[in-house]
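One chain, subunit A, appears in both complexes that follow, with subunit B as partner in the first and subunit C in the second.
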Partner chain A sequence: MKRPAHVVMRRILLPLVGVGCVLGFWQATLSWYRLPPIVLPSPWAVATTLAELVRTVAFWRDVGVSLFEFVCGYLIGVVLGVGLGLLMGEWRHFRMAATPVVESLRFVVPFAWIPLTILWFGTSYVGKILLVAYAVFFVMVVSTTRAVAQVEPTLSRVGTMLGMNPWRLAWQVHLRAAAPTLASAARAAAAIGWIAVVAAEYIGASAGLGLMITNAATSLTTSVVIGGMIVIGIVGAGVSAAIGALSRASLDYR
Partner chain B sequence: MNVHADIPHPNPVPAGAEMERSSQRSSKEEHRGELIVDRVFHRYIAGGRQTEVLNDVSFRIDPGHVACVVGPSGCGKSTLLGLAAGLLRPSSGALRWDGVPVAIGRNPHLGMAFQQPGLFPWMSVRENVAIGLRTRGQSRRDARRVADEFLDNVGLADFKDAYPNQLSGGMAQRVGIARALALRPRLLLLDEPFAAVDAFTRLRLQQEFKALLRLDRPTVLFVTHDVPEAIALGDVIVVMTQRPAAVQRIIPVSREDRDRASPAYARKLAETLECLGVTSDIQD
Partner chain C sequence: MATTQERIANSPEERLPPRVVAWLFGVAGSAVALFAWTVLSRLLAHGGGVINRLPGPLAVVRELVQYAGKDLAHDLLASLHVFAIGWIVGAASAALLGLVLGRAKHLGNVFLPIVEAMRPVSSIAWVPLSIVWFGFGLTSKVFLVGLAVFLVVIVYAVDGSRRVPHDLERTATMLGMNGWQRFRSVVLPGTLSEVLIGSRVALMSGWGTVIVAELVAADSGLGAHLIGVEQSYDVPAVMATMICFAVTGFAMNAAFTFAERRLLPWRHDRERQDR
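Showing the complex of A and B:
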């Protein structure tokens, strides 16, 4: 720890400078072009709207639904993705069989599946959960396979020497050694998963932040649209930071 | 004290194999603690090119004896250890431990220290030593106690709770040695275990290591670059040739040879170095 003044400066003031620049640019654009609030409301108007929104139950229900869909899909995607990635990393023949499927499917972005999920699951949670799981799954499969295959070979030899069988070696050594790589992949996957949830809700949902925004757009309450977008950003950043903190706490051997 | 140094080809293969098949148990008793390297060839294919690493290597280590393998860099010494550990399969020939061919996979009698220490970075030093005892079935408490004991032995009593990245290279290697010894192996394989420590620490570690060997008297295959080290620790010195490596000579070492102040030591040193292509008189 250095002097507190420096810490305050770095941790609080510098981020505020960044946010301030964006707000300034926003307000300047508004004043310069004399835009009506329906096209672009002022930062202050959006802030007031947000303050009202957070006092309503409906808003928190929308946030809750989006987060619920995200968390379910995310967990499914991470578990299945790491599991399959571990198998692919450990077992060469399996990798050779699975690679063409994984490699081609992972470029079919989640959004390409939205029409089908609506057709199959309607506007229910299930479709969104599957979509998030799908998005997260491919990020995790690819990075787990690579991370497991790249584990320092001496560690494998040490494990065998110590009497570990192949399963134990995979689980206790390879997966554990890959953990730091997996943690950063999990963080990247969270961003993609969160984006997928909201995007799916834009197109067809019975609740959620995406639906809140599309509803507001059709009734031309632009400040709610922008407020919703800000909430999406804040929640996403929060989720990413939470996963980062979680992985730091569990990987604290520097 | 030693040694079957003069028998590079122990028992001829067909007769030996016959015997094993007919009565494996009695053969196992007879050869308990003995490591035989029998006409081993090893080659690998990388980038479409075949590389010969070992070319007809044969020698034998008696139970409880220490064989030090010396040879030029990259001559396949580490490969030899990998074969003895059952981490690699020879292209032809056989290695026999306890009279039984070494199989790929786990060997419950084996302890090994690698050239890179290979510590698990997510475990404390103590856990790194204890993990092998745990996988071999000891209770958590026993594993911990034995780990502590062996860490004391290699002078790392104060670093039991440290993590590997907080250790110097030499300390990490000592943890690797403690991990191998804590398993109380009957077969101990060491790949330049003292390479990363300074010259004085190395001499001290050699002495401590010798004392530790007296505990269980394992059969030891010890790879080193350092000829004085080989004389200090070995019952025999196996001198390897350039790659593809064969055994150039097997030099027995006696107790008198280990006295650094004795002419016997100087002669042994000169003899071994000469095998490695170094003449003993340096001229301007």
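Showing the complex of A and C:
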């Protein structure tokens, strides 16, 4: 596929100019004010630090721990959230009863739970996994409930006419009709869950990316802090892209 | 014959307005949840293991009342102070930059990818760096909240400045408006209404950032109190503080949704679906 020149220009060249401007501004600021590397290391120093980090075992252990906590919590949160959301979407009376509870818990943002999870579960994985599950759960419950309740009524009537019982109707018709909405909610939930892991690791953890950058900040190795932030961003974007690709692949029947 | 008719007429659904039915079910659901919480706390009170420290709702309420009588107002004001400054700074700079990058096409092509690349690095990931740069004081927290709000609002600002309908712009030109007039009376209002919506969406991410920043820095505000009671293993007080956070977030969100409905009634329906 050959792209026209102006698309290449707009998609690749101009953003590169932008990146160049930012890096130039970064380098210029620190040479102009003679900032010590503790305050702001040069872009080059960050790049070499990252290259060194990638070669250490401890770094990959931190990434692995954070990802493990995220993936476990995410799966639990999505399954339970879609399950409860489906129940709330299908069963009107249950929805009326559960809405105030869900809505009030939704405003207890996951970050506010961090101290309590530390009290209950210490610095173990369990607390973080539950925290991610909590964060993801509420995103999925709210969007599943809405998506299932808004499914085209004709579809339900067709299903009933074809002799489906309510369970089959919910599972095979409503959930599938709601799938595109759920896929985008799942991506949004992934971003929130990933950040919840990092935040939880700031406050109480024995390993993980969040711990890595707070430790680096305490020992004033700022290049590791910035390198770690870049890794957090890359992993977050990667997770989101992976979930996007997965949902596109599984929604292919449309 | 009358039996089915009567049964329908006598079922509570038919006699009561739907709002009341929803309300009754809601109260029942909340009562069940509170009851389950109480039972769980009773069951766990004598058990071993890690979760044996679950206080009942009453203990939490007692703690909440006690806290309200002492430092709550002071801590809450400290948190809201940080939040308000950061939120205003973040939203204003995002509106300005979004307008520039959205309207000036080439600048947008150059710098918007950078903004996009920064968005996955949530403001939470900036916490340690911000502490290195600005220390534990007000500045670092304002920076973090401002960043969180900025990263949300900029999307709405760029979107709003670009989504001005073309025929509206052409009509404005036809009516003899010059560039500045067109900007002031067509582009600017469109952008600002989007910015307003973005600022409401950013409320929760900004408030969440306040929580994390205060938990990490732990020098003032509700977050510092939360860390304090956590370190003294005071679970009821921890839960009471969590409720304070939730109620504040809820109140801000409700106030803003109300204001938005008054200011931008035409956007309300679409926004509900977007959310």
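The rule we apply is simple: the second predicted complex is superposed on the first by the 226 of 254 C-alpha atoms of A that agree within 3 Å, B and C clash if a C-alpha of one lies under 4 Å from a C-alpha of the other, contacts with A are read in each partner's own complex, and residues count from 1 in each chain.
Following the convention adopted for this analysis, a residue touches a chain if its C-beta (ideal position, glycine included) is under 8 Å from a C-beta of that chain, and two chains touch if they have at least 3 such contacts.
Predicted model only: the values in this text are computed from it and were never measured.
Peer 1: Please determine, from the superposition on subunit A, whether subunit B and subunit C clash or fit.
Peer 2: When both complexes are placed onto subunit A, subunit B and subunit C end up side by side without any clash.
Peer 1: Going by the touch definition up top, name the partner, subunit B or subunit C, that contacts more of subunit A.
Peer 2: Counting contacted residues of subunit A, the larger count belongs to C.
Peer 1: Tell me the contact category for A:77 with respect to subunit B and subunit C: first, second, both or neither.
Peer 2: neither
Peer 1: Touching A:227, do we find subunit B (first), subunit C (second), both, or neither?
Peer 2: Neither: A:227 stays clear of subunit B and subunit C.
Peer 1: If you stack the two complexes on chain A, which partner ends up touching A:208: first (subunit B), second (subunit C), both, or neither?
Peer 2: Neither partner.
Peer 1: Quick check for you: in the superposed arrangement, does A:120 touch first (subunit B), second (subunit C), both or neither?
Peer 2: second
Peer 1: One more residue to check, A:193. First (subunit B), second (subunit C), both or neither?
Peer 2: Once the two structures are laid over each other on A, A:193 reaches no partner at all.
Peer 1: Is A:154 touching anything from subunit B or subunit C once the two structures are fitted on A? First, second, both or neither.
Peer 2: After superposing on A, A:154 lies in contact with subunit B but is clear of subunit C.
Peer 1: Nearest approach of subunit B to subunit C by C-alpha atoms in the superposition, in Å, rounded to an integer.
Peer 2: Least C-alpha distance: 7 Å.
Peer 1: Common interface residues of subunit A with subunit B and subunit C?
Peer 2: none
Peer 1: Help me check something: in the complex, which residues belonging to subunit C touch subunit A?
Peer 2: Against subunit A, the touching part of subunit C is residues 21-22, 25-30, 32-33, 50-51, 53, 106, 109-111, 113-114, 117-118, 120-122, 124-129, 131-133, 204, 207-208, 211-212, 215-216, 226-227, 229-230, 233, 235, 238-239, 241-243, 245-247, 249-250, 253.
Peer 1: Help me check something: in the complex, which residues belonging to subunit B touch subunit A?
Peer 2: 82, 85-87, 105-106, 108, 110-112, 114, 116, 118, 120-123, 131-132, 135-136, 163, 165, 179-180, 183
Peer 1: Would you mind writing out the residues of subunit A in touch with subunit C in their complex?
Peer 2: Interface residues on subunit A, with respect to subunit C: 10, 14-15, 17-19, 21-22, 38-39, 93, 96-101, 104, 107-116, 118-122, 191, 195, 198-199, 202-203, 213-214, 216-217, 220, 222, 225-226, 228-230, 232-234, 236-237, 240.
Peer 1: Which stretch or stretches of subunit A touch subunit B in the complex?
Peer 2: 152, 154-155, 157-158, 160-165, 168, 173, 176-177, 179, 251, 253-254
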